[in-house]
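In structure tokens below, several structures.
Both of the next two complexes hold subunit A, though its partner changes from subunit B to subunit C.
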Partner chain A sequence: MSLLDFARGPALEWAAVVFMVGMLWRIGGLTLMLRNKVLSKDRTPEPWKGGLRTMFTRFSPAPVFRRKVAFQYIAGWVWHLGFVLVVFFFQLHIQFFKGIVGFGWPALPNGMIVAMGAVSLAVLITLLIRRMLNPVLRMISSFDDYASTVITALPFATGLMAFAHIGLAYETMLALHFLSVALLLVWFPFSKLFHVFTVLPSRYALGVKFWRKGVKV
Partner chain B sequence: MTEVVTKTELDEAFAMFYGMAASIKDLASPEPEMTEAERVGAAKGVFLKAIDAEMATQLDACVKCGACAQACQYSIGTNDPKYTPVRKLELLKRVYDRELSPLRWLKRLYTPDLTEADLRAHQELVYDACTMCGRCNLVCPSGINIADMVALNRSALAAAGLMPAELRFMQEGQEADGTIFGADEDLFLYRIQDLQERLGFEIPLDKEKADVLLVTSGLDIHLFRDATGGAIEALQHMGVDYTLRTDGYEGANFGLLSGHDGTKKKLTNHLVDVAIKTGVKVVIVPECGHSYPALRFYGAEAHGGAIPFEVMTVSEYFGRAVMEGRLKLEKDAERRVVALHDPCKVGRWGGVFEEPRAIIEAIGWELHETESNRAYNFCCGGGAGNFLIESADQLKRTGYRIKMNEIEQTGAKSIVVSCGSCRMNFEVGKVKAGDTIPVESLAALIAAHLPKDKGAKA
Partner chain C sequence: MIRRQQPLSERLEARGISRRSFLKFCTTTASLLALSPALAPRIAEALESPRRPSVIWLSFQECTGCSESILRAGAPSIESLIFEAISLDYHETLQAAAGHQAEAAREQAMAENAGGYILVVDGSVPLGNAGFSTVAGQSNLDTLKAAAAGAAAIICMGTCSAFGGIPYANPNPTGAVPVSEIITDKPIVNVPGCPPIPAVMTSVIAHYITFGTLPELDHLGRPKVFYGQNIHDRCYRRPFYERGQFAETFDDEGAKAGWCLYKLGCKGPTTYNACAVLKWNDGTSFPIEAGHGCLGCSEPNFWDGGSFYKPLSQGTEIGGKTLIAAGVAGIAGGVAAGVANRAKQKTLRAPKPEAKKEDKA
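For the complex of A and B:
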């Protein structure tokens, strides 16, 4: 079995299994935890409206904070968007998914995908350097924070290198790309990357909390 | 309006009260003797009891972006990364990771358990350096309720016998007497008699049944008597069936501020019981920020079920009366430019924003909003009992400066506020910074602009 066969075969398959089991375990664990009940009368009825509101309003900072946190919001937006578009709208990725789900969908032009991948990678590297240099981020960061950024950046780097035939032989780069994806899948459920599944419920909870008190945020 | 306190009287009372507040650290009982295991066990017990699915989800949602540091007055003012709000949740997160997280079997391998040293190191972060104002909650891209979790940290430290001496003094005093700063029943009655003489009418006291129960606080009894006097005068003017009660006059709750959950519940329950006994429809809590959430958003929780009365804060009650045309106020001869301070516990945590603004508009003053206003308002710098903590002195000044800079930028000639401890912080901050801008009680302003003839009542 070649490295490429191993990477796109057992490595990816087992990584997918670990990802699924890990995600189900963690989501299930959170869902099964008890919930405290609120007894006080709400100042505003239908608090779910506040929850939904905050889920969406928190995609951009409130005007009063914009000057101070614009960079991290925009940087976050750029690389998350780049990640989704590159993963799901690159022609070769769509073919890969078609092999799994049995159907495909329109792809974005390769040039656009490469540009978005490169920008996303640049943003992730910038965020990593910023985390190492910024005193606040350095103080609050753990191994998880650094490792998650690196592990998220690796598929971008290996994918771009494979596409552009940079570095090692194409097949080796492709194998490394698959392995980096496998690493991301294994890392995902056990790290802060799991926030993908908690961020919206978290915003919802805060929105409900404030709405109950008559505050729309 | 009848002047219930002259400026000289207020200045003298302020000096005396300031001296009294400055001495409470020396009067506090010694720190409870507990072993390390007892302290850690007590703190962890509080955390474990409180962490539910919602809090766990929020703890798992943090991406350590550091945005919260850009909302916190102490982080901004000191530029010290140790005050980054999310860092104040580190112990809670560790307990969650080790004991309750679905990944605890893994995280326990590399997450250190709590130690007494950890708890002691945390004291400054969750008492001195956080007023639980909640501004950080509003910048967090993940919507994490950091402030409430800091409150939980206070409860954990309180259970571990590690609350600051000043708050321990206040909590123990209120646990024993029900009131604060020694404002006992005799002093309360003295103040009522004093207000009665100055206002020229009999203040309804200890009525068996009434529609409205007006609550005051030790701070107002000692110092800000214009706030209580203003509320009384306005209620009298409106012809409301109200009463004050010698068995339920204290709105402050140092159980809530210190994190002592037993005292918090006892004090809130006491007010609930008095309100139910008196059959009131509304309890008006005083110009004392935290007294509002202590009853409004914790009353039912403490009581164990719905409570049969409304809870409103002074600015909310009279502001609504103005908005609904039930209370007419006279325009001031001067169109004074003022800034409004939204107390965190009443504004961001209570939704009372438009009511005080309606009052300012009704008296014809020109409100210039601070850049950060309403839900995004900066704390006065010393809320949540911090105004009493000696070791928080520099941080309080830092918070005050940020707040005052925004106020100065409005060009305001006065600050209007409806919270006694915010007012106290402003007054102390002014003295230390050499500022002179007057700080006005909203309740006193209402009373000052009541129509001369009672026919103006709706």
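For the complex of A and C:
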């Protein structure tokens, strides 16, 4: 079995199985956890409104911190947007999903995808370097932060190289691309990358809590 | 085969091939082998030499497609001249002799040219029941071992002898193996393809006749000059790939406009062969040009690499059913973990007995 056969076959299959089991296991476990009882009277009625507001207000920085965190926010937006568009709107990726779900959807032009992929990768590397050089960020960073960044960047790097036929032979780069995706899938449920699923619920919970206490969200 | 003593010039004339055409063939062969054009006369001289090297061609588990390809059965061409330059002493399909006479011819050639003949093999060798494939009552394995012992070099023609081919495909009922898994003490050159391109086959033989050596090989034992680049890099449809223009079906507007066949399962990007350059049928076209994606037939295990029509960007084993099963397992695990967690949380939250006593006091 060649490296590509292994990557396209068992590696990807088992990684997807681990991803599915891990994600649903964690989501199920978290959903069924007991919540703290509310012991005080709500200072503001209808706390769900605070939850919903917080889910979306945090997509932009708080005015008071705007200047300080602008770079972080913009870089984060560029990176996340690039990630979603490249993963879900590149023709060959749509083919990949079509192979699983049985249907496809319109794609973005290759040139746009390549540009977004390159920008996203550059932003991700910049954020990684910043994390390593900034003393405060370095202090609050764990292995999970570094590993998650690198593991997320790998599919971008290998994908761009495979598409542009840079570096190793195409079949090797394609195999490495599949393997890097497999690594991402395995790492995803058990790392901070899981925030993809927890970010909105946790914001909602926080917003509800603040709202109850009368904090403006 | 009867060895003709007629000069090559006469033999060419008899076939209606001019000397100019012959020299053109030699020059083309030199260029195919990435040799200097100055070596073309040397190739011509070697091919014209009255001393013709003995070649024994063994066919095992195969379809005779490789022989058909080299003969260009439908349109005999100048490549078939290669048979004028060698002494093809044994070839089950081509030889006039049959039965014991044919086997006797092979044994005689092996004895007379011991250590000096070229052994060409097409077809894989079954290691299961010896009766799966026999010739004149002898198993393929025994025939190969006996013929390889006195060979100067072995040329594996086609994917079956080079990598096992279709007989090797899962579940490999005959226990087929490529020649290289049996013979390990002889120089072997693999000329894979299903079938290989005629010019590639003849060029390899011409190289050996001219220089007495095998051409430079890649990690799979294939001549680098022919298998050094993948088909995708040389494909005329490549610009469409770059632009993201893909045929979605074999008869849509994209297909008619000659767009890239990647989405239809073309394996050109992972297949190393000279099809896009040398083409077939006197340079008429090659599979992709004819509108069908490359199957990857010159690569090992191409038959077990998933559907021919599955794009390379798709997984070969990942499927909806597997993911649904994994999802069900994940939900079950999540519910179990959640229930266990709740029980633990309740235990932790329950007031301790000591605290109750203190409260009462």
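We take it that the second predicted complex is superposed on the first by the 217 of 217 C-alpha atoms of A that agree within 3 Å, B and C clash if a C-alpha of one lies under 4 Å from a C-alpha of the other, contacts with A are read in each partner's own complex, and residues count from 1 in each chain.
FYI, a residue touches a chain if its C-beta (ideal position, glycine included) is under 8 Å from a C-beta of that chain, and two chains touch if they have at least 3 such contacts.
All of these numbers come straight from a predicted model, not from anything done at the bench.
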(message) Given the alignment on subunit A, is it a clash or a fit between subunit B and subunit C?
(response) fit
(request) Have a look at where A:8 lands relative to subunit B and subunit C in the superposition and call it first, second, both or neither. (result) second
(message) Contact-wise, after the overlay, does A:73 reach subunit B, subunit C, both or neither (first, second, both, neither)?
(response) first
(message) Output check: A:213 vs subunit B and subunit C. Expected answer is one of first, second, both, neither. What do you get?
(response) first
(request) Would you sort A:28 into first (subunit B), second (subunit C), both or neither based on which partner it touches? (result) both
(message) On the A-aligned overlay, A:202 touches which partner chain: subunit B = first, subunit C = second, or both, or neither?
(response) first
(request) Report the partner of subunit A that touches more of its residues: subunit B or subunit C. (result) B
(request) Check whether A:92 is in contact with subunit B, with subunit C, with both or with neither, and answer first, second, both or neither. (result) second
(request) Quote the smallest CA-to-CA distance from subunit B to subunit C in the superposed model, rounded to whole Å. (result) 6
(request) Using the superposition described at the top, list the residues of subunit A that contact subunit B and also contact subunit C. (result) 25-26, 28-34
(request) Enumerate the contact residues on subunit C facing subunit A in the complex. (result) 230, 232-233, 242-244, 246, 262-263, 269-270, 299-301, 304-306, 310-320, 322-323, 326-327, 329-331, 333-335, 337-339, 341-342, 345-346, 349
(message) Could you list, by residue number, the parts of subunit B that touch subunit A in their complex?
(response) 50-54, 56-58, 60-67, 69-71, 75, 81-82, 84, 86-87, 100-103, 106, 137-145, 148, 296-301, 303-306, 347-352, 371-372, 375-376
(request) Note which residues of subunit A are touching subunit C in the complex, please. (result) 1-2, 4-5, 8-10, 12-13, 16-17, 19-34, 91-93, 95-96, 98-102, 107, 109-111, 165, 169-171, 174, 178
(request) Please give the residue numbers of subunit A that touch subunit B in the complex, ascending. (result) 25-26, 28-36, 38-41, 43-44, 54-55, 58, 61-62, 64-65, 68-69, 72-73, 76, 134-142, 145, 190, 192, 194-195, 198-199, 201-207, 209-210, 212-217
